[in-house]
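Next come two complexes, and both contain chain A; in the first it sits with chain B, in the second with chain C.
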Partner chain A sequence: MASPSPTGLLRRGEGMHSASFLSSWKRILLLRETSSLVMLFLVIIVFFSIAPLFLSKENVGVILEIIPELGIVALGITMLMIAGEFDLSVGSVFAFCPIMMALFMTWGMHPVLAVVAALFVGIALGALNGLVTLVFGIPSFITTLGSMLIWRGGVLLITGGWPPPFPTQMSTTILVGKIGILRASLFWFVVVTFLLWFILERTDFGNWMFATGGNQVAARAMGIDVRKVKLANFMLCAFLAGFAGIIQSFRLQTTLPSMGNGLEMEAIAATVIGGTSLGGGVGTLIGTVVGSFLIRIIDNGLIMARAPSYWFRVFIGIATILAVILNTFVRERAKKLRC
Partner chain B sequence: MHDHRYLVEMRNIHKWFSGVCALRGVDFAVGYAEIVGLVGDNGAGKSTLIKILSGFYPPDEGKIFFEGQERHFSSPHEARDLGIETIYQEAAMVPKMSIMRNIFMGRELSRMRLGSLGYLDIPRMEEEAMKALQGVGLHLRSPHALVEELSGGQRQGVAIARAMYFKSKLVILDEPTNNLSVKESEKVLEFILELKRQGISSIFISHNLYHVYPVADRIVVLSHGEKIGDFRREETSVEKITKLMVLP
Partner chain C sequence: MKKYFIFVLAGLLFLSVVSGAQAKYRFTFISHAGEENPFWAAVYRGAQDASKMLGVDFMFIRPKEEGDLPAQLSQFKATLAQKPDGIIATIPHPDMFDEVIQEAIAMGIPVICSNTDDPEGAKGNARLSYIGQDLVQAGYFLAQKLTGGLPRGEKYHFLISIGGPGLVWAEQRAKGIITYLEEAGYTYERLDTSMKMDVAQSRIQAYLQANPQTKGVIAVEYNHASAAKAAENLGYKPGDLLIGGFDLVPEVLAGIKNGYIKLTIDQQPYLQGFLPIVQLYLMKEYGLGAWDVNTGNAVVDASNVDLVLELSGKRVR
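After this line comes the complex of A and B, so read on.
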């Protein structure tokens, strides 16, 4: 057998840069983000041709200020789904955290402290989801279906249906301040995306996440603490949902008990459209960002095209199914390309 | 007293599962750089014996010596830290992950650590992964190919390369040739011989004697939880062992 000699080694990057035209095509087709990007591009063209104002400076600003709130939630879902679990309670946590924040402030807590405390509430809710799921060994779908109802009910119980007054003494610049047409929330979205991408793709913890979601038995056999990995992601997911909820409450200057209703479905749709697998172990954060753009752009584009707003859900449904079909189909075909 | 000729020695191992006796008084040893074939029918106790050796559960009775020292494993982790690596066909790899990420799964190389996060040293992992693969004679194009794109034999090769790279002393292969084509099986046998050439001991579990016989230095036969045969290859033949396995 060949013994590993320095000369026999493949140098780093070799075989990757010598890719032919065909194999770089194959590479692009195999990317999980490709089909959602293509759809996004088509949707933008279609809406622009129907309603040219769709790409006006003002409207682009409107789209960019609503995307981060969905996007940040969807990024959390993506991380958790890659680790092989699920969270349906993000919409409820999205409402629960800002309401707790407002409540803390009416109790006289310093605004900054109240925000931090509310975020810790989010982390605690995620930990609860994770612990119940892992200790009792039940599907997270069930746990979080339950906690979705519990925290939505909790929000209504706490507020009695009447939102606590949004504290006016506090500055909202850091989360939603405006520079031209851009809001600070977009900056936070970019920061969160980059941080999570780094954790997922460039750290050992990210490798454990893919392993845990991809083959739990193998991961455990190689000494990975799969329960710790999952618990951390449950907490991260709920934290991000709470963070996004606080951003929205800052933007709207109010905390409504109905905030985030149905958000869990949009976030899951954005994740799946972006190429993340429901089965765990496979997914990309950039895909989820594209998915979030797609959903909010369809939402906004239908309004600009003066279509009845009922069409929104129909289109999101079609987009979700189409994205997964495209993804599966295109990748299967691309794998068969010889190169 | 302990015999230092062996890397690992299990003595008088007993194991019961809720009243059913899975192993009764089995003695089992593996020498240095020795390939031991472990054969027997389904339910003979092969996997119970191996799970005890790899730390999945403790024996109810009996002792385990590794490199001359008595050991009690309370988890697979402990056994692995000593250099006992078990490769289960189904559970060895994450198919949707790249070869490189599979090789370093749970033992990643990092440039620096930030709290409990390690910043992966990807260039070094690429290089070391290719080195590890070439160590078993596997010449794959890129360490970034997904494991699901590999053949069954190549997957076994990656798992064996991983064990070799992390300086395992004993590699336990559970049915490594199951569901593989003839050609692929031959490849796996070649990997096992490569382990021996590098001085690593291995246990080759299979119900297919025709795979075990050509490569094993010694063949141990289990039946109904007891050891009924322990032969050097020269002393026996496939026919003799088959008879032994079928008779009782």
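After this line comes the complex of A and C, so read on.
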């Protein structure tokens, strides 16, 4: 996982002290978010020109209501990946937490308490992922591949295939209430994005994360407790997956054992499209937000364009590879630009 | 620059995929069944044939994962934003789709239910009609046909394969099957087998090994094909196990042919694609009302498998 140079620190340095002699054009090309943003605009333009209804009020509402659920999960994955680890179990946690919430409520727990308790279950699942990975020193890919199956099986075991009935006595306004075409979940998505951005870019902890993911040995030599940094991010990632799952169950007024099936792949694709490196130490949250938009928009746009849905996988595949190629190429080129 | 070249290429690819032919009516079929589910090929074929005959534009939408209801719901909403002339949908959840279908009808878009209905039928959902099987009754009918000839009240044990636990269509059929088995005094166990045939086969095989007293396997989907392969692998002779289920995918027909599968109940998926298109067309063109169709309890066994095999080659059955 450790790469030879702490590129994350370099990237952050570039923006600060070399701004005076870089043209703004070069700086834009050097941003990791650029290629995904360009792709996003292009995709929107293409879909709009094929199907003008794509940008109708109703359809924008449809897109904005499904993006936060993927986006919040992908943000957690991004943080964890920057710290140099991986989580495949997010899709299962996404189903596990809402089911636990519904179960707590059928046991007579107060709704707010049940939501909080379910989120703590999420944090505990993340902590388990982290502890197993760090104590036994095995790749998180393996740990979370295992736990992905375990939690999903757990969901089916607990529910026996039949989900517990969604408690109707509870108000869902705070998480998914609607104002016009906008849902409260979009607001939460913005809040989470801002909070994580602040932690990552403006606090010591953010610096430790970049250092831990970029070069663990160097980070340790600097006195950073890399285990604590990683563990915290495992917990954060699972917490966000559970939170997003609860948002979805609130929106649909149901808890399904199949929720979040395949979500981990979409979340990882969103993260990678956004410009976060699989190797750790490099990444951006804004890019992940753009990546989440891109994935959900391609999904929706293909329907609006009346294209067979089979194309979805093909396009997401192309977008993922293209984003990484562009990121590599454009940045290499831009570095050589004389300004 | 290279970048723009790649973008232009991607854009062109996009455009070439999307055919912009303008037809008189645009109909959309939104199903809960995943893209890997072979049963739906015949539904698709039926809808395509009807669309071609009537000259309407038809689109088929399925989630990427079998039974991904949140995805189906958002696809339904995206379809609504597109304002098609008619919608055909499966209703695999008792109330998740109530609101959107109500909304579609309020917008003047007729919605016809195919294949899987609200468990409460017309009372539970605003859809105009249901074209498909009466699921509970069909489950009962299957169990009755399959165990016909067995003495009632004996201690026979059956495995029920449930490919979609918690999904309406699977649970409704299971309900019918269980009702009959309990009436007959037999014991049973439910097993989540998934809709993937290879996975289902290994799970059923393991179950049969662990529970050799099992008298038969009843599938609420097409996993009786997997059960037949499992039985063959374990060295059972054709007819040792009573194996039956629903639908006519090629593997099921092969199983009937070699004797491992006793019978399958065909719900005639071709009709479930063909008839809704015809209905929507007639409703649009002549203002006719929608009507329910029970696409049936067609039994396929060794006596008629050859005819069905021939039609299956044409993807009609």
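General remarks:
Note that in this section the second predicted complex is superposed on the first by the 317 of 339 C-alpha atoms of A that agree within 3 Å, B and C clash if a C-alpha of one lies under 4 Å from a C-alpha of the other, contacts with A are read in each partner's own complex, and residues count from 1 in each chain.
As a working rule, contacts are C-beta pairs under 8 Å (C-beta built on N, C-alpha and C of every residue); 3 or more make two chains touch, one makes a residue touch a chain.
As the structure is a prediction and not an experimental result, all values here were calculated from the model.
Look at A:Met304: by the touch rule set out above, it reaches chain C but stays clear of chain B. Contact with neither chain B nor chain C is seen for A:Pro139 once the two complexes are overlaid on the shared chain. Of the two partners chain B and chain C, it is C that touches the larger number of chain A residues. By the touch criterion defined above, A:Asn261 lies against chain C but remains apart from chain B after alignment on the C-alpha atoms of chain A.
Contact with chain C, but none with chain B, is seen for A:Leu42 once the two complexes are overlaid on the shared chain.
Legend: residue contacts after superposition of the two complexes on their common chain; A:Pro165 is shown touching neither chain B nor chain C. Of the two partner chains placed by superposition, only chain C is touched by A:Ala51; chain B is not. Contact with neither chain B nor chain C is seen for A:Gly317 once the two complexes are overlaid on the shared chain. Interface of chain B with chain A (complex): residues 76-77, 80, 86, 88, 90-97, 101, 104-108, 110, 116-120, 122-123, 126-127, 130-131, 134-137, 141-142, 144, 149, 194, 197.
Those residues of chain A whose C-beta lies close enough to touch chain B in the complex are 1-4, 8-10, 12, 15-16, 199, 202-208, 210-211, 214-215, 217-219, 221-224, 281-282, 335. Chain A contributes residues 35, 38-39, 42, 46, 50-51, 53, 56, 58-59, 61-62, 65-66, 156, 159-163, 248, 252-254, 256-259, 261-262, 300, 303-313, 315, 318, 322, 325-326, 329-330 to its touches with chain C in the complex. Looking at the complex, you find that chain C touches chain A at residues 2-3, 6-7, 10-11, 14-15, 17-18, 20, 26, 28, 35, 57, 59-62, 64-65, 67-70, 73-75, 77-83, 93, 95-96, 162, 165-166, 171, 190, 192.
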